[in-house]
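In the two assemblies presented below, subunit A is common to both, partnered first by subunit B and then by subunit C.
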Partner chain A sequence: MVSLAILTLYAIRQYALALNRLRPGRRRYSASQENAIELSGYYMPRLTVIVPMHNEERVAADILRALTECDYDPDRLQVIAANDRSSDRTAAIIDRFAARHPFILPFHRTSGKPGKPGVLNDATPLITGEILLLFDADYIPGRNLLKLLAAPFADPAVGAVMGRVVPQNTGESLLSSLLCLERAAGYQVVQESRAMMGFSAQFGGTVGGVRMEALEAAGGWNIDTLTEDTDLTCRLILKGWKVAYVNRAECYEEVPASWSVRSVQLSRWVVGHTDCFHRFALPILRDRRLPLAERIDLFFLLSGYLTAPLLLLSWIASFLLFFIEPGPLAPGLGAGAAFIGCQMFGNQATFIEMGLAAHMDRARRQAMLIPLSLLSFFASTTSICAALLRYYRSRWFGGPADAWARTQRSRPVAP
Partner chain B sequence: MTSPAQQPSRPRVYPLHRAVVRASPSRWRLIWASLAALGLCTVVWIWLPEVVAIHTRILHASLAWTRFPQAPLALINIYGILPDQPMPAWPPAQVSRGAYIVVALCVAGLLVAYRRTSLVRPFIGLVSALVAAGILGQMTGLRRIDGAQFGQMWLRAQVVVWVLLPLVTGFLFMIPVRRAASGFLWMLGVQAAMVVWSALRLAFCLMLSHFTGSLLLAAAWFVFGLLADLLLVLVGYSLVLASSAEKIREGSVPDETPQFGVPGDPGGVAGNSHTLRDPPVRTGA
Partner chain C sequence: MNILVLLFMTGVALLFLAQFAAAWRSTRKLQGKLDTGIDTGYIRMEDFFGVRLRALAGADQVVTGNWACAPGLASWGERHVRGSVNAGDGATLDSLAVDGSLTLGRSVTVLGWLDSHGAVQVGEGSRVAGRLTSAASVTLGPRCRLKTVFAPLVSTPPDNHTPAPAVTARALLSLESSADDWHALSLDWARVVRTGAATIAYQGDFRPTAPVELLMKLVVHGHLYLPAGSLAKGDIRASGSLTLGARCEMAGNATAGGDLTVGANGIFHQTLHAGRDLELGNGVQSGPAGVSPVNTWTAACAGRRLRVGAGVGVRGKLTAGEMIETG
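Take a look at the complex of A and B:
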């Protein structure tokens, strides 16, 4: 019953976000999307773009080429191509681009803690821009994306900005198509709805940026976490900075095409995110500078992955109901099973968000895939439970914790 | 010369980028959706005895159509407020060795699928665990469910779903579509399909119970129970969305959802060259 109650609260939050996205009217917060689009190209601070890469020969050339084609003033742009101990052709690709484009600075890292947070930390002294933008190596920014991402920083209260992630390999496999649907729901509906409510967005560590002043105020990058983005989001919010979201700042990425790759990615997110929950949930709930609704929303955001074991408990409860010998409880058993069933298949609000996103994106094929998202729902729930089990075993009983793991790319190797 | 009324609207000429469209339903649409949801809920509640009777008729007709062995009928009680329903009541089966072999082959098939398909692996794992629980229950005599007991549990769960379903479908189906009437027709269609779909699934589960006792009933309850209900709703929802998206793309239905645009920035909206209709650009080698 407790798990059902918590799941219901979580479902109410998801419904509220979905319904709010349907609500007419503009955003409350000044760093709105309309402002970002109108300011785009008029507010052009000095930018540094960091692209961390570890054995990224499949994708390195694509992102570097896309960055050289961006229409941002090259005199106000610095690109740090950070090679983190690569053993493939990544370093050569970086050097080739750096030789042709003076604003690309190669940074070859040969030691230090592996992983993106460590790379960012070591590259920080090289940064010359006021604003730091980040892209993972598999992303392909559009020509004006840098202008769109820089625009919200015209508001001095904005400490970080986040753009929309759109998969470019939709159709490569069933999984990548389903992930495209999930991404659309997460950005087109959830992130945008939260921004419409005036809440800070979740900085995702890619297709986004942070003001250097804010980064320093928040204490820099945390190299001991698996999700340095969520960690930084929480610290920025606690320091009083806003995180803006620009739905129009779309950037194409490569989503995992196989479940083994997706499972590794998901496990990293689960562990890092849940760790942030333990460190920041209470301080955020106690921070009275934030509106109560935003505090509650952030609490649910950070505890999101913990709903998976609750779902698992609900399944077990449902099976127990099936095996219980009917007695005086009999009339209640069917109703109980029905109510549990309403919640136990991943609270339907998530499916509504997917549908709403497909509707707004006018994506017919994606809409047709909604029933199949049940498959990825089951797969995700079990993967999340396994990752949480490892995390809490390590946290409570010691033992090896999950290490940072790079997401494998499926793009063909460039010649 | 075309009159102003015949001229295409701005969103049709320059489709707004997906990032700046709004999907705000009008107040009237929300009112209609609420009225439809509450109205259909009330109608189902009032006519629930008839709905349950229709369900029972379809169940018996489908069992008869498959020339399934006749079974003594037992009257089962559903919450007391509804008339008792006749349900085939085979006694808990003495499961033959052949049934165990069939179930073992099913589990082996599941395990092969488990090794080959990663995305459905967790689902198969859950089903296998339930089959194992069913075998344990049957062998230990912990709980042997007969057809009538299963039918009773099934109907008690389904009745709740049927009554509450319009509250969900009212908003799912009436908001995305252009005309409220077509959304309401979708609601009615899914509501009717839900009853027929439930009767067919129950008939299948009862046949399973006749041949394999309780061995597969737990798994059947999980796979063909509320999960299958959700699947039907999602299929209906996805068809509604796909159809509305298709019509808007083809231009047969004017898209009224965009609420604002950016002055001087038709379609492409300030920069990034990908518009709504462009496929994602893939630049790899």
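Take a look at the complex of A and C:
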């Protein structure tokens, strides 16, 4: 019953976000959102773009080419192509682009702690821009994207900005199609709805940026976390900065096409995110400068992955209750109520968000896939529970902790 | 078993199977496809409609010389005019791309957009429902209503208002200012929080009692008022309303969650953004070309309404969620 109550609270949050997004005629965007659209190209601060790369020969040329074609003033742009101990042709690709474009600065890292936070930390002294934008190597920014991401920083309260991630390899596999739906729900509905309510967005560490002044004030990058983006989001909010979200700042990414790659990616997110929950949930709840609704929402956001074991427990409890005496009617009803409760309030809210996102994106074909997202849902629940088990075993009993693992790319190697 | 129950269960099972069958069919159709929903080559252009029409206009849409629309007449459809355009009083137009100059008489109604390579004169009481862009200049008459205007110079005719007297003495407020400096301006030092190397947050309303020169970025969680003659060198923001007195100068950006008012003869060099209404008082100018260290163009953007006084000159864009109104 306790888990059912908690899941119901989560479901209420998801329904509230979906309904808020759906509300007809709703035009109340935050100032930073409007800034991004109307003022893009009118506020152009000095930008530094960092692209961390580790064995990215499949995708390195695509993102560097896309950045050279952006319509941002090259005199106000610096691109740091950060090669993190690559053993393939990544270094050669970076050097080739740097030789042709003076604003691309090659940074070849040969030592230090592996992983994106370590790369960002080591590249920080090279940054000349007042705003730092980040892209993972598999992303393909559009020509107008840098202007859209820079504009919200005209508001001095904005410490970081987040754009929308759109999977490009939709039809590569069933999983990539389902992940496309999940991403759409996460950005088109959840992030946008939170921004419309005036809440800070979740900085995702890519297709986004941070004001260098805010980064320094928050204490720089945390190299001991698996999700440096969530970690930074929490520290920025606690320091009094806002994180803006720009739904129109869309950028293509490559999502995992196989379940094994997805499991590794998800495990990293689960461990990093849950670790942030333990470190920041209470300080955020106690921070009276933030509106109460935003504090509660952030608490739910940080504890999101903990619903997976609750769901699993509910399913097991429902199953056991069905066979427990006395009488066939009472446990059957209890089990049914618990199961239906979990399905209706726990899962269905997420599926409604997917449907709403597909409707808003006019992706009718993808909307038809929603029933199959049960597959992804069950697989994700299992991966999340396994990752949480490893995390808490390491936290409480001192076993080995999950290490940073790069997401494998499936794009063919560029010639 | 009751036949009705059996039929019902069969129906439910078929529906259940049908949705999975449809999902599986969609999966097969999506296989191998790349998402092409984002136009990665898109670049935002203020004069997009004009550029598009000039490129795509058919022979029946092109006027080779000058074109005049008689008073009270209505003209429908998009036109590309290779000369200049003169629309008489009370005329109704659709959308025009003009290579020369464009003059709208009194109370002209434009249902679409206007783009001109030359100077644009908008007569008193005219309305433009869409965008108005010019590569040269736009002069807006009194009581005009528009949605978005962009030009190297957007101006309204001056009136006979008396400029406010210039202020020379300002109290300095910076990151290094002491509690006494803040108290001297009737500001509460206890409400000051330093959020970064160049930014200060102020909890509550910020109302200094004398003109100030702000040398830092300022975020006010409340209303912000700068007395006449003040100068803000960094970006400023108010979660509530932001009011700049007469002859204030904004070197950075100004953002307000609520209304934003720029007093008479104020100067701004970058962007103004109001979550609700924005008012540019008489004689407000965006700084002279080349002065701004960051941008070529300036912009004033209102979430709801933008009111423009007499004698205003803005290099760049004016835009409003609902309507721009000239005084």
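Operating definition for what follows: the second predicted complex is superposed on the first by the 388 of 415 C-alpha atoms of A that agree within 3 Å, B and C clash if a C-alpha of one lies under 4 Å from a C-alpha of the other, contacts with A are read in each partner's own complex, and residues count from 1 in each chain.
Throughout what follows, contacts are C-beta pairs under 8 Å (C-beta built on N, C-alpha and C of every residue); 3 or more make two chains touch, one makes a residue touch a chain.
Keep in mind that what you see is a predicted model, and the values were worked out from it rather than measured.
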{"item": "Room on subunit A for both subunit B and subunit C (clash or fit)", "value": "clash"}
{"item": "First (subunit B), second (subunit C), both or neither touched by A:Trp259", "value": "first"}
{"item": "Partner chain(s) touched by A:Glu250 [first = subunit B, second = subunit C, both, neither]", "value": "both"}
{"item": "Touching partner for A:Val166 - first (subunit B), second (subunit C), both, neither", "value": "both"}
{"item": "Touching partner for A:Thr90 - first (subunit B), second (subunit C), both, neither", "value": "neither"}
{"item": "Partner chain in contact with A:Asp62 - subunit B first, subunit C second, else both or neither", "value": "first"}
{"item": "Which of subunit B and subunit C A:Gly142 touches, first, second, both or neither", "value": "both"}
{"item": "Touched partner set for A:Thr307, first subunit B, second subunit C, both or neither", "value": "neither"}
{"item": "Comparing the two partners subunit B and subunit C, which touches a greater set of residues in subunit A", "value": "B"}
{"item": "First, second, both or neither for A:Phe319, with subunit B first and subunit C second", "value": "first"}
{"item": "First, second, both or neither for A:Ser200, with subunit B first and subunit C second", "value": "neither"}
{"item": "Region of subunit C that runs into subunit B when the structures are aligned on their shared chain, from 21-29, 39-47, 111-119 or 165-173", "value": "39-47"}
{"item": "Intersection of subunit A interface sets (partners subunit B, subunit C)", "value": "34, 38, 40-41, 66, 71, 140, 142-144, 147, 166-170, 174, 250, 252, 361, 363, 365, 368-371"}
{"item": "Subunit A partner contacts - residues on subunit C that touch it in the complex", "value": "19-20, 22-27, 29-35, 37-44, 193, 195-199, 201, 203, 217-219, 221, 234-237, 252-253, 255-257, 270-271, 273-275, 294-295, 297-299, 301, 303, 316-317, 319, 321"}
{"item": "Residues of subunit A touching subunit C in the complex", "value": "27, 29-31, 34-35, 38-45, 66, 71, 140-144, 147, 154-157, 159, 166-172, 174, 177, 180, 211, 213-214, 216-217, 239-241, 250-252, 289, 361, 363, 365-366, 368-372"}
{"item": "List of subunit B residues in touch with subunit A within their complex", "value": "17-25, 78-80, 118-123, 125-126, 130, 133, 137, 142-143, 149, 152-161, 164, 168, 172, 175-176, 217-218, 221-222, 225-227, 229-231, 233-235, 237-239, 241-242, 244-246, 248-249, 257, 259-260, 262, 265, 269-274, 276, 280-285"}
{"item": "Sites on subunit A touched by subunit B in the complex", "value": "21-26, 33-34, 37-38, 40-41, 58-59, 61-62, 65-66, 71, 140, 142-145, 147-148, 164, 166-170, 174-175, 188, 247-250, 252, 258-260, 315, 318-319, 322-326, 330-331, 333-335, 337-339, 341-342, 344-345, 348, 351-352, 355-356, 358-365, 367-371, 373-376, 378-379, 381-383, 411-415"}
